[in-house]
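What follows is chain A paired twice: with chain B in the first complex and chain C in the second.
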Partner chain A sequence: MNFLELTLGIMTAVGGFVDISELVFAAQAGSTYGYALIWVFAFATVGIMVFGEMSGRVAAIAKQPVFSLMRHRLGLPLGMVTLLASLISNLITCAAEVGGVAIILHLLTGWAYWIMAIAAILVLIATIWILPFKWIERSYGLLGLFMLVFAVALVKLNPPWGDIGRGFVPQIPPGLSAREMTNFAYFGVAIISAVLFPYEVYFYSSGGIEEDWGEKDLLTNRITCIVGFGLGSLLAIAILSNSALLFGPVLVGPQLPGTAALQPQLAFGRTGLLLALLGMLFAVGGAAVETCLANAYSICQFFGWEWGRHKKPWEAPRFTIAWIALFIIALGIVLSGIDVITLVEFAVLFSILVLPLTYLPMLLLASDKKYMQAHQNGIVANTLGWIYFVAILLAAIAAVPLFFLTSGGQG
Partner chain B sequence: MRCLGIAIALSLVSCTSGPVSDLPAIRDIRSATAEWALINREAGGGKLTKAYVRGMRAAARKEIEDAAAALHPSTSPAARHAAALLALPDDAPVAVLRRHAAALKHIEIALELS
Partner chain C sequence: MKPEQDIQLLGGLLDLPVIDRDHRYCGAVDDIELEGIGGNTRVKALIVGPGGYRGRLPRWAYAIVRQIAGNHVTHVPWEVIEEIGSAVILRVTADEFGLHRVENRARALLPKAGAL
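And now, the complex of A and B:
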């Protein structure tokens, strides 16, 4: 195990953990319910650790990317439905991330939002075109570490640590009306969806194949998932806690994506603001790259086309056309005027519907001795995998009614 | 099962009819107003960049405008607050913005209890 590689992998996972959905929902959850939703973040984080590790292990041993698995395990018709649903979900998520990048650039430079959206797409396309795969992920992940300013701000603000600690215990705040209870449940489902976004495993497992992982990489995969995602999740929890401390008491329930940057600003002044905006820029930009590539991977893996950034763009032409086209469609959605928060709400809704179909084939394959040999799921991975699958299924069933009952968490 | 169906139907009705259906829009306006107040407070101390202040104020104003358009009737107390807010200059006094946010919060609470 190469410790430099491992450290970089963990730092990349930390910096790349938070995306626009987590920023929005963590900030809103904290201002609305204080620390009472921290446990949902913690619960969902263990889920992404379990399935992230599983997808990396399957990539390393069975050499199977997620969508190739789906086609074999679910059959063509259901596989096609899953493909279409995940394409829509990832595309909306990608548009939300691109819109988020444009807003942050607008707040940093003062230039018009639409100009920043076009500039963002050009830069994102250029980074994928120019950088080798490992450095695409790493550049955004490492620069996303500016997000650590949110955690440092929390320490500086000296919050009630006991209350934050109690937030890790599963709970429903006492005294909620039926309407507030429904809203609380919607936030819970949205956080599970935002942490377990399907694009994360499509990208992570395809990345494992891009980097030609094998048996020797299994330990690195496990440590990266557990430590990297765990520390990344603490960043999201810091945003939630800052929000409970700073926004809730002054009636702010952040509706504007740039509001979260005020948390470090209130602790460190203008420097805090700039660090926060830079961290958000790279974290959200990285997520835009991941969602777009995840979609291109899905299409090519499903139809058995050449794919991968380890190839020259012209050696995998359909893959190259797919990711460029997806970025352009995402830009079209952003320029159509739909606001980013609305996109985030739809991204979270569509994603939770896709999650069971994403994770079931992986769970089945990771437990299959024929493919995985000595590295099939052990009792811990299998038990956790099925517990999380049932939780995701229940969340998916509840998502649509909750979305309409609460007007997307507003009612 | 039947009880569950009725409960869901009742909840749907309660969430989508009458003044209660204005709740999401009122929350949006209240929060955007509170965000605007926070921006103005910090901008007053010179702790923000010009680009950030301009961008956030414009976003808050647009949020209020969009949410106000969803209020019915347009003469409701919340709509009157929204109209008053939109008439304010970008660098409106923090205390005025906070008064509007607090008043909107009271309207929300009253609607939630109704």
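And now, the complex of A and C:
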């Protein structure tokens, strides 16, 4: 195991963990319910560790991308349903991320939102065209580490650590009305969806193949998932906690992504604000790249086309055309006038509906001796996998009624 | 697994990715062409291309695929298969059977500069 590579991999996972949906829902959850939803973040984070590790292991051992194996395992019709569902979910998520980048650029420069959206797409396309896979992943992930300012701000603000610690214990705040309880449940479902977004495992496992993982990388995969995603989740929890501390008592609803950047500003002034905006810019920009590439990977792997950014763009031409086209469609959605928060809400709603279709095949593949040989799921991975699959299924069933009952978390 | 070994045809082959001698992806096993009858049935070729979805998707879904991608197919003779595992590996290049026709057309649309 190469420790430099491992450290970089972990740091990349930390910097790339938070995306626009986690930013929005963590900030809102903290201001609305204090520390009471921290346990949902922790619960969902163990889920993404479990399924992320499985997807990396499948890539390393079966040596084939998840979507190829998924089609082989599920058959053409069900495989195609899974493909279409994940394409729609990831595209909406990608549009939300692009909108988020445009808002942050607008806050940084003062230029019009639509101009920043177009500029963001051009820069994102140029990044993927110019840089090979590892550089793309590392540059956004490592620059996303500016997000650490949220954690440092939390320490500086000297929060009630005991209350934060108690937030890790599953709970429902006492004294909620039926309406507030429904809203609390919606936030819980939305956080599970945001942490377990389908694109994350598609991108992660495809990245494993881009980097030519093999049996020797299994330990690195496991450590990266557990430590990287774990520390990344602590960042999201820091945003939630800052929000509970700063926004909740003064009844500020930090719906706009930019509002969260005020947390470090209150701790460190203008420098804190700038670092927070830069961290958000690279973290959300990285998520835009991941969602777009995840869709292009899925299409190409399903149909057996050349794919991957370890190749030059013209060496995998249909893959290249796919990700450029997907970015342009995402830009079209952003420029259509749908606001970012609505896109975020639709992204988490569609994603939670797709999650069972994403994670069941993953579970079946990772348990299949034919593909995995001696590295099929053990009892711990299988037990956790099925527990999380049931939880995801229940969340998916509850998602649509909760969305309409709460008008997308508006109470 | 070598191609001469008995395999469970439908479960073992259908929908596997196809990779050529140069390790390039060149489609998926969309259908299988058989020859012979009864106990002498054997695989004649793999069918690669959206036309292979016919009969495997509901009629309305196939009509949509056909509108978008056409119904062309390429027959890959059984004899050119090197290995079957989590993918079908060919002992020939994709271009020998025209499996990269669309890929080559798409390549012509892209500039070939500027990437590290």
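Going forward, the second predicted complex is superposed on the first by the 411 of 411 C-alpha atoms of A that agree within 3 Å, B and C clash if a C-alpha of one lies under 4 Å from a C-alpha of the other, contacts with A are read in each partner's own complex, and residues count from 1 in each chain.
The criterion applied here is as follows: a residue touches a chain if its C-beta (ideal position, glycine included) is under 8 Å from a C-beta of that chain, and two chains touch if they have at least 3 such contacts.
Since this is a predicted model, take the numbers as computed values, not measurements.
In the superposed model, A:T320 lies in contact with chain C only, and not with chain B. Contacts of A:G332 after superposition: neither chain B nor chain C is touched.
Shared-chain residue A:Q301: touches chain C; no touch with chain B. After overlaying the two complexes on the shared chain, residue contacts for A:G79 are found with chain C alone; chain B is out of touch.
Of the two partner chains, neither chain B nor chain C is touched by A:P170.
Of the two partner chains placed by the overlay, only chain C lies in contact with A:K63; chain B stays clear of it. In the superposition on chain A, contact is made by A:S407 with chain B only, not with chain C. Contacts from chain A toward chain C in the complex involve residues 62-64, 68-69, 71-72, 75-77, 79-80, 129-132, 135, 300-307, 312-315, 317-318, 320-321, 371.
Chain A meets chain B in the complex at residues 103, 106-110, 177-180, 182, 250-256, 258-259, 261-262, 265-266, 269-270, 273-274, 277, 339, 401, 404-408, 410-411. Across the interface of their complex, chain A is touched by residues 14-18, 24-28, 30, 48, 53, 56-58, 61, 86-87, 102-103, 106-107, 109-112, 114-116 of chain C. Residues 8, 11-12, 14-15, 20, 23-24, 27-28, 30-35, 37-39, 42, 47-52, 54-56, 59-60, 63, 66, 98, 101-102, 105, 112 of chain B are the ones touching chain A in the complex.
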